[in-house]
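Okay, structure first, notes after.
To keep things simple, chains are lettered A, B, C, D, E and F as they appear, and every chain counts its residues starting from 1.
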Amino acid sequence: MRPSGRQPDQMRAVTLERNVAPKAEGSCLVSFGSTKVFVTASVETTLPSWRRSSGMGWVTAEYGMLPRATGSRTKREAAQGKQSGRTQEIQRLIGRSLRAVVDMQALGENQITLDCDVLEADGGTRTASITGAYVALADAIKWLEARGLTKGPVLRDSVAAISCGIYRGTPVLDLDYLEDVEAHTDANFVMTGTGKFVEIQGTAEQVPFSRDELASLMQLAEQGIGELTTMQQAALS
Amino acid sequence: MRPSGRQPDQMRAVTLERNVAPKAEGSCLVSFGSTKVFVTASVETTLPSWRRSSGMGWVTAEYGMLPRATGSRTKREAAQGKQSGRTQEIQRLIGRSLRAVVDMQALGENQITLDCDVLEADGGTRTASITGAYVALADAIKWLEARGLTKGPVLRDSVAAISCGIYRGTPVLDLDYLEDVEAHTDANFVMTGTGKFVEIQGTAEQVPFSRDELASLMQLAEQGIGELTTMQQAALS
Amino acid sequence: MRPSGRQPDQMRAVTLERNVAPKAEGSCLVSFGSTKVFVTASVETTLPSWRRSSGMGWVTAEYGMLPRATGSRTKREAAQGKQSGRTQEIQRLIGRSLRAVVDMQALGENQITLDCDVLEADGGTRTASITGAYVALADAIKWLEARGLTKGPVLRDSVAAISCGIYRGTPVLDLDYLEDVEAHTDANFVMTGTGKFVEIQGTAEQVPFSRDELASLMQLAEQGIGELTTMQQAALS
Amino acid sequence: MRPSGRQPDQMRAVTLERNVAPKAEGSCLVSFGSTKVFVTASVETTLPSWRRSSGMGWVTAEYGMLPRATGSRTKREAAQGKQSGRTQEIQRLIGRSLRAVVDMQALGENQITLDCDVLEADGGTRTASITGAYVALADAIKWLEARGLTKGPVLRDSVAAISCGIYRGTPVLDLDYLEDVEAHTDANFVMTGTGKFVEIQGTAEQVPFSRDELASLMQLAEQGIGELTTMQQAALS
Amino acid sequence: MRPSGRQPDQMRAVTLERNVAPKAEGSCLVSFGSTKVFVTASVETTLPSWRRSSGMGWVTAEYGMLPRATGSRTKREAAQGKQSGRTQEIQRLIGRSLRAVVDMQALGENQITLDCDVLEADGGTRTASITGAYVALADAIKWLEARGLTKGPVLRDSVAAISCGIYRGTPVLDLDYLEDVEAHTDANFVMTGTGKFVEIQGTAEQVPFSRDELASLMQLAEQGIGELTTMQQAALS
Amino acid sequence: MRPSGRQPDQMRAVTLERNVAPKAEGSCLVSFGSTKVFVTASVETTLPSWRRSSGMGWVTAEYGMLPRATGSRTKREAAQGKQSGRTQEIQRLIGRSLRAVVDMQALGENQITLDCDVLEADGGTRTASITGAYVALADAIKWLEARGLTKGPVLRDSVAAISCGIYRGTPVLDLDYLEDVEAHTDANFVMTGTGKFVEIQGTAEQVPFSRDELASLMQLAEQGIGELTTMQQAALS
């Protein structure tokens, strides 16, 4: 039933390739099927002004798409002179999601910026970004730890994200672009490795959804996050 | 236990005052306690270029805060030269929420823009905006209908929104600013008058939340939306 | 003869409602007929960089219009990414007018920002803004005085503003929108409570004006400012 | 008494040099003492969109200062990414002043843009700009007339501008920079060759002014405009 | 003598990997040592307005660097709100270089945009971009030819680019970052496959160069371009 | 053969008029035929942040064109809200060219900004700017020296620039606008008074050029720079 022939609860092939950017303190090329995001983690000692001299660090994210990540060329945001509302919404989500598992006191006065640049977009770029950014973040934290620049264990948990939706009446896991365009409901779940929720964003496209439908999506998400967590652990070990 | 002395499931006093902007086709001054949003609905016959000649209309929203809506003065976005990421995120949410109950074919080639300007901010400005914008939208649609400019019933349902959160361990309805700052989890629910979900945005601040906690928040939201729906009907009748 | 039926020297009904923004140190909802401006005065201890360590304070103003203050929707300046020339001209005028009655030494190193946001526009928004901003400013100065943060009497006089114009050959006081569009000459007068001039801006639309015509407008303005000064005193007592 | 040794009613040496920009349809290098403005008039057949197909033309102005027109270098507006409020205010004034003497029907569907670029600034740049721009405009109109592109006499009158102020208690004509900085009142007058007012802008710096003081300034201005009108006629003949 | 141990006339390892962006009409991942640029060629039927209805096409380029392509993080241009002067200079160079070998009549009314995004920067990003962009461009033209959308042979020649410089007194080919920082002269050569020059940019850093030094650099460049041309032919066959 | 009737190796009449901006520390009105550039040199004690406390100075340049420097009016960059890529490319070139002859240690912690504003453009504005900017720079350095603000001889050499091109098959010196539009190759040479190269930028328009053609252009340039150097010396003595 799905355009890709997948089962409703079947994710696309996911890969997490570390150390793709030798200059960065952490990096990961993450792919969910043909969605590919190039993530780097950069450690800096300059913090936002409101955070300085607090003894605490900060984790933030920026998101971008290469112009031809999409089926037809999208205008380059740098040439347009501003980031779209969609871009800002996504990069705020990525930053919030990662901060939920970071102990800012333990991080000390360091800032880690996760840059998520989409090389190819086939649905689910924000969830792929979060999932890959966690891996890059973990490597950047190891880099800091190896230099004695942290004050205790920085990561309290792992974090991953997946989308679900109701496609032609059936709840399905990990929407690709063709499904996303047509799905009546689209929900993104960000969860920790220990199974708690960090963020839920469910949106009805045209047809509102019921409490039961949301419950089905949540169940699919929990399964998917479980699989992603295992892959993150494997990648990082 | 709540700073305001409210019960966990008790909303703030809500008012919906219509026709506050005599020049607009619809308008509503909505207050949730001391949060006050001035909403206008403007009918225009120019559509976004990608929508033209489709036979369908469009509903969109813009959001702003007067500089001194907040406890200390916030810089004016027009003077800064751009809308913040938070502003764009909120106005996209308002627009999506309203579109979920509009039949675009029936609306015909008209655009309705909802301007939500916060006069005073005490938490919940986005949910108050949605709730008030529905009232202004309904009036603007009546204005179109009275002139024979629609092609059938435009509104398929009503829509309202409320926030919930976990404050000092207890799920509470309709967070005010003091609660919002401290709450461990903050969730916004947009629902229709018939009890379906249009949008859910749940965010863990620092401490991830469980499936059960989300369920409690959802239950509070359903109650709150029920009350808001009744108030919207009263205001519009 | 006037569209509103007013006498040539008759102002619209003016109201000055204080304390409309509980969070601000001063505020005033001013209306001249159906022109309505929401003014807040915000006290801050940060001064513009060129003013720091001078022992003197600063008073400045910003102006905006809600998109649907006008008969058809005006684009939101924050979304456009800049303030129009008209907006900048008006906010510079408001700031200059207020500074003319403030003793900056007595104010001490405090900045007061007057935000004038037009809820409804029916001509005369700049003069209404100045008239209302004086009331909000006076309250903010009382707030500072009550905390012992000033160095002597800050206000040297009061200030108010009114427009006049030549409408169908007759000099008239307090132009509304219908008159403004058609008037051959439009002049704004900013005067102190003791009857001196702070600012005069007279503009010929199409037909230049004579010295005598200007004298007639000036006389009307002096009368109008007298009435406004009395209303400001009443509002503040 | 004046820093320059001038009499109170004595203008600086004024020169109006035509045809300084051979590519432009009209041009004038105007100097008031060491204030020098390079003005060009450009004829275009594209009108602003709101003016098209009206049978009428349009006259507009832009203003700029070379960075080192001033005693210390001013930042370049093009590099700053925007025109200041002062620049916008001035260019709006120049445009309005010129339009007051133009018959837009007779101009036909042509646009004339006056670019006023200050090479050296020593007070009075806006009044010098208006005075010189009239000369450039007159030449551009001759250019159009010579090609049969107008529909009757375009200029209804001439226009010139001068500043006056109260310097150390005495009303003086044509303020230079040293006087401008210190003057208690500063007024700009735009008048036609036949002695009518197009624009008056009087501003109190620190000390409000009286009706009598304004009358003295107006008298000085009338004299000054008379002299400027004679010089414009001489330049154009 | 060179930090990398290379001979003066030895280029870094160059790879040209085609079809790295399946959605694009042409693409190439080009690497010069650890400098890596991801290039896509996008075919569009919309031309710049000044080019429309001319029967001719257009080729243009945009350039960007991922924030962590560099040793320390560079700010994202989209977040900064503008492209730097360096970025604009480079993308103009890439566009001009490619247009030099394209027959715009034969291309017909199609636009091809080359997006060159630097994944890793180690000197020579502009020359790598041009060399890889030619490959992507050639594939995009094949795509057009396969659909019968061209009007004759579009490519008149191939084009490639290389940098040379004087490093510690010796002319060397293909500067890497360490050499670039220190080199006294830095020159970029863009040449066709048939050995003609399209663009030369030679810049003295601190010490001006002589005619003989330029001649030595030119000779190195000719050799390097020869090698690159062979690699381009191999990649495309 | 040339539109102007000049010999292939004949430059236009060049003039270098000093002290055209009395307020600036150095200035020069440079003309190459009807190309006219107004250059000022401004000394400031504030350096870019990355240069502070280094004991060294900085020289930078900004470039602009008055809107009607060109045959038809060009939009004002300040009104457009940004500098074009071309403008940025040119001002970077001017700054680099001048820095090549300045001893930054000897300059001390001073910044000199060269503003090059084109009053009339007839080809070669960038080379005229460099040639004239050297004269203004030399005067600004004399100004510093006269006040004992330098630490030894600042200028190591003089610098000038000229364009050459291949026009209808013949290499010619100092292209004017008519030649520039049609020339198949256009090259700008920046050279020192002692005959060394600071910058070479050669660009093929449509037809790539050979090594021999470049050599001819270089020879013309050397001759032209020799003449310009003599004129600079004369102007400065």
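Just so it is clear, a contact is a pair of C-beta atoms (placed from the backbone, for glycine too) under 8 Å apart; a residue touches a chain by one contact, two chains touch by 3 or more.
This one's a predicted model, so the numbers in the text were calculated from it and none came from an experiment.
Note on connectivity: the fewest steps through touching chains from subunit A to subunit E is 1.
Centroid distances built from C-alpha atoms place C farthest away from subunit E.
Taking the mean of C-alpha positions as each chain's centre, the chain lying farthest from the centre of subunit D is A. Sharing over half of its contact pairs with A-E by residue number, the repeated interface among C-D, D-F or A-B is D-F. Least-squares overlay of CA atoms from subunit A onto subunit D yields a rotation of 180° to the nearest 5.
Two copies of one chain, subunit C and subunit D, form a contact in which over half of the residue numbers belong to both partners. Look at where the CA atoms of subunit E average out and do the same for subunit F: the two points lie 27 Å apart. The centroid of the Cα atoms in subunit B and the matching centroid in subunit D are 50 Å apart. The set of subunit A residues touching two or more other chains comprises 81-82. Traversing the ring of touching chains from subunit D and stepping first to subunit F, the chains occur in the order D, F, E, A, B, C. By the touch criterion given at the top, residues 82, 85-86, 88-89, 91-92, 96, 100, 157, 187, 191-192, 196-204, 206, 208-211, 214, 218 of subunit F touch subunit E in their complex. Interface of subunit A with subunit E (complex): residues 21-24, 27, 34, 38, 40, 42, 44, 62, 64, 66-73, 76-83, 87, 113, 115, 117, 119-120.
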